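Chain naming follows the written order as A, B, C and D, and within any one chain the residues start at number 1.
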Amino acid sequence: MIIVLRQGSTKEQQILLKAALEEKYNVTVNTWTGVESTVLGLIGDTVHIDEDWISAQEIVEKVRRVQEPYKKANRKFHPDNTVITLPGGQKIGDGSLCIMAGPCSVENEEQINYVAERVKNAGAGFLRGGAFKPRTSPYSFQGLKAEGLDLLKGARKATGLPIVTEIMSAAHIEMFESVDIIQVGARNMQNFDLLKQLGKTDKPILLKRGLANTIEEWIMSAEYIMAGGNDNVILCERGIRTFETATRNTLDLSAVPIVKKLSHLPVIVDPSHATGKAGLVEQMALAAVASGADGLMIEVHNDPRHALSDGAQSLTPDQFDSLTKKVFALKAAYDGIMNGEII
Amino acid sequence: MIIVLRQGSTKEQQILLKAALEEKYNVTVNTWTGVESTVLGLIGDTVHIDEDWISAQEIVEKVRRVQEPYKKANRKFHPDNTVITLPGGQKIGDGSLCIMAGPCSVENEEQINYVAERVKNAGAGFLRGGAFKPRTSPYSFQGLKAEGLDLLKGARKATGLPIVTEIMSAAHIEMFESVDIIQVGARNMQNFDLLKQLGKTDKPILLKRGLANTIEEWIMSAEYIMAGGNDNVILCERGIRTFETATRNTLDLSAVPIVKKLSHLPVIVDPSHATGKAGLVEQMALAAVASGADGLMIEVHNDPRHALSDGAQSLTPDQFDSLTKKVFALKAAYDGIMNGEII
Amino acid sequence: MIIVLRQGSTKEQQILLKAALEEKYNVTVNTWTGVESTVLGLIGDTVHIDEDWISAQEIVEKVRRVQEPYKKANRKFHPDNTVITLPGGQKIGDGSLCIMAGPCSVENEEQINYVAERVKNAGAGFLRGGAFKPRTSPYSFQGLKAEGLDLLKGARKATGLPIVTEIMSAAHIEMFESVDIIQVGARNMQNFDLLKQLGKTDKPILLKRGLANTIEEWIMSAEYIMAGGNDNVILCERGIRTFETATRNTLDLSAVPIVKKLSHLPVIVDPSHATGKAGLVEQMALAAVASGADGLMIEVHNDPRHALSDGAQSLTPDQFDSLTKKVFALKAAYDGIMNGEII
Amino acid sequence: MIIVLRQGSTKEQQILLKAALEEKYNVTVNTWTGVESTVLGLIGDTVHIDEDWISAQEIVEKVRRVQEPYKKANRKFHPDNTVITLPGGQKIGDGSLCIMAGPCSVENEEQINYVAERVKNAGAGFLRGGAFKPRTSPYSFQGLKAEGLDLLKGARKATGLPIVTEIMSAAHIEMFESVDIIQVGARNMQNFDLLKQLGKTDKPILLKRGLANTIEEWIMSAEYIMAGGNDNVILCERGIRTFETATRNTLDLSAVPIVKKLSHLPVIVDPSHATGKAGLVEQMALAAVASGADGLMIEVHNDPRHALSDGAQSLTPDQFDSLTKKVFALKAAYDGIMNGEII
């Protein structure tokens, strides 16, 4: 960590700050004096250092981290990829392409069972479906809640697919006990209380990126879960908010290789929420595979025209059949190319 | 609400969609046929209509709302300003300038009592202070929690200032029973579960704008609280996230007159979090007054250099004395000018 | 085009506005009266209608276009893909993957000839290189200018590769006479004077997307060139500006399928400028291929460590060899998959 | 300037880089070795150093500037405010509030003369009006061009108000010879060729901030003009592009105190373009005064409903009368408060 001091700071002030830093954070501090400014360099473990505290010191102009502010999620300290393995043996992050698919909202037994069957046949390895739904309007459909969870479990029993569903409150953690992967939605990415509680469980957590969050903040939220003792975090890029209005959000595919460089956690891509338009999902799913993603999360609805939420971005089962054929074929080609087998 | 249909939709499809809309939402639907497109116009109460459902219909190209999607927070239906009155008689939204001030975090009894005394003497009407702190890093100071709430109550007893403090979980609502104004932080603006639970209380809620949320979404989150039965919502602009890095966030002062036009709720401004720099707070507080804000929220710390959080943006009590003198003087001039008394 | 009128507008005002619109723009105007608002619908060619003029009418609340505001670049009116063919027979937009590669700046004869030779051998079809360089700082290297153009022509002679280079002023159009493709940089995307002058030439124009421009504005800038009579426009996505700081810009790959839907013009992707990091270029080039792009623009430098500009994002010739092998292999697989030949 | 080296760089590589930096840029380089990284500190004048070149070095991980990358526009080297004085004695930046007002576009003699007369009577010190208009659509009104300039000169003769008008091409500089203040529009803020040509004139240049440009980039564009020898630059904040759609752009008033801290150049605010809505202009003009701005640029049209451009954001002369009364009254109060005369 590097601290640039203000012009005009006195030698005495510098000595006092150096001493305070060394005592407070157990680091060694080097001083380097330039023509127009003096810079302090901190040597040691800086993850626990509070930048705010340093910024507030009278003689401090700027603080710059050299090391990332996270440790457990950091590839530097854990060079090997994290592979999430479910009790049923399904793996995420092992080099294969996992596909999570299903309706935005669970609506009724017939619907979820039909969709589960179809996405399984098309090659999906996981069933997604919302029981608790975050909606911008209090007047929109809010999900079937506990009943929705039961319907998901029924569909799991029928198909064998593990289920992925979103949690909206730490008070529901017990209710999510038999869910296979718990999803934290984009709007709750920095609901730190929820992250802490999830850190105490041993469930795999699918952590969606917040609409206005940097990649570093996203990994820091994973670190919150991991700091609590739960290392099973899957990151999910689902678009960020920009000025562009042609898509619901802007899918940031460069986040995939960046996360893979900075962290050992698996990262998947949700082109349905990112684009908000069914007509773009297949194309962006293909692009996500070629960006190196570990998986895809795709909305599929038996009848998108009558979906209770997000119908505009849902694929029909037939469209999903077409998509999976293409993405698995592209994944095979991609792996061959990256392994040097296809030239 | 206006629905633009795709080119090539058949007469039969149009009749079916019209019938579905009329049945599902109890509205009247007018059809208007242009050269290149057909448009449906919905007449009636459209607040409860789900745009997603309509967008997902096969023959629909675009949906445009003509009316705002909120009702209780909408000035059209409640032309008079909402004035929040606390049991002690303090008012927000009555035309006066309310000032909420105090440290980012409550740190200890001496600190909070000293700051409370100082901000009261400078003219603040409310004491702010964080007991539960949302921090990007799990390794940063997370607040004194329940102990912090007790210290705030002690400072209230000593000074008579009502207290404003942030809640981070619906599980804490009981613990916040004797808090005067409950704050919902920017990162929880769309924590819909929390909003719903707060809607069941009768506490005034200070709702900060999310870092990447539009003004419409912000008002929709107020609507969530109001839909539950709690009309006591105060909006707080605290900066949005943009590409600019010279400030922590970009303070959007045009949000003040826009909110006042669209809604009857009071709106205050937090220049401390918006700018992130103590040196900009006074200037932006003055600008906020001239933008028509109902109040200000300002961070003040007895010793910013040793603050446990956000020290870089905190004012000293002396700086706050200077700020309040200026903002009250400007508010007096501003009121005189707007009333036509000063020319 | 749909015009929502303000509440309280009188019948007389509506009649006057309707008459004014019909006279001014030669359209038919339908009136539709709802419970809370009246809406006008304009039938006819609305491309030439000035939204600003309508917005300014006293009784107008909102104006919404139903049709796109561009015509010549619009796929609706030109369903077939535009294919740009150079005098030497090279094609862009014909379904093949064109690769434009070369250094950010032309530095000297040896450098440009060496890089040209290498990128040609690796499979690039076009040589890119900057002679006039837009730089944020007036103190940075500004390009070799006319001398740089001569060196590019020399490299073309040696390799047969057509040259692509950026123009920074309409005053230089004559000097660019023998350039094969003229590039308009992101910062000049709305330099309308330059666009108009280029519309009078018959040169293919590579139009980069502006850092903060929507896809619609980008196509409108293409329309400027086409309105002048030059239909040879190639669009180039090169990243937009967002809050994310891990990459230089955020590459918006969903722009590719959107542009292909809205317009018949070819669209290529520049992962070098978008990411700003050599280590991300190959991965995002692969993702661009899978997004359906017609081509790639890649920075290659003989010795990135000594490049006079943008070295951090340049590949070495060896890295470029590796990239082209992979992208051509992926393109072949992608084509096979999309054609249904590979399953 | 601080350079963080990659982990694993060898002692020999470090020595070579140090030597290269010292030779190339005539600076002294200090090396500081930490546990996990090595950092170089450059001592001397770093304004001319090319960050790109350094970033591209194999062993470099990050480069951080400690000093601003501009010199002539930097307050550190020119502590006193720049005051622009026109031949007629009008001043900008001397502590008074300058108001530039007039129509978006000059439309005809009667219009411009009438508006000029009215804004003069209301207290404006400068007449603004567009002769060359940057429009997103090639089919929109593009301005009266040379004829517009003549009409502006006529209005100047009639009223004595100096004229401010936008230039769109360096080819027009001669034609702008008798314009008093030449405006560079937001879309041309990084049209570096234009900036260089304007640097060779001695005209005051009003430089609008680009829609997606940081404050640092904006000052760098001023530096371009100043590097050419023309120190008469006035900065104009006019809103930046964000995700918010309630306003045309987001007015960034914190830019005013930041520019004043970083630079000695005057800075004015254009609330008309920033908000795009006439109903918000007065309120944001007042806020701009309280943010410390040196002036305002306001669109006024004799008949906004029939304006050929930007009518929705134009005030009527009567509305402008009201605005100037209020802003001058607020400016007087503001000055009294800041000088300590009003308490």
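The criterion applied here is as follows: a residue touches a chain if its C-beta (ideal position, glycine included) is under 8 Å from a C-beta of that chain, and two chains touch if they have at least 3 such contacts.
Because the structure is a prediction, the values reported are computed rather than measured.
Enquirer: If you take the mean of the Cα atoms for each chain, which one ends up farthest from chain D?
Expert: Taking each chain's C-alpha mean as its centre, the farthest from chain D is A.
Enquirer: For the pairs A-B and A-D, output the one whose chains share more C-beta pairs in contact.
Expert: A-B
Enquirer: Quick check: how many Å separate the C-alpha centres of chain A and chain C?
Expert: 31
Enquirer: If you average the CA atoms of chain A and of chain B, how many Å lie between those two points?
Expert: Whole-Å distance between the two chain centres: 27.
Enquirer: For chain A and chain D, let me know how many angstrom lie between their CA-based centres, rounded off.
Expert: 39
Enquirer: If you look at chain D, which of its residues touch at least two other chains?
Expert: If we look for residues of chain D contacting two or more partner chains, we find 212, 241-243, 245.
Enquirer: In the complex of these two chains, what residues of chain A are touching chain C?
Expert: 212, 214-216, 240, 242-247, 250-258, 261, 274-275, 279-280, 283-284, 286-292, 325-326, 329-330, 333-334, 337-338, 342-343
Enquirer: Write out the stretch or stretches of chain C touching chain B in their complex.
Expert: Interface residues on chain C, with respect to chain B: 2, 4, 30, 32, 34-37, 39, 41-44, 62, 64, 66-67, 241-243, 245.
Enquirer: What does chain D use to touch chain C in their complex?
Expert: Going through chain D, the ones touching chain C are 47-48, 50, 52-53, 55-58, 69-70, 132, 134-141, 168-171, 187-188, 190-194, 196, 210-212, 217, 220, 223-224, 227-228, 241, 304-312, 314.
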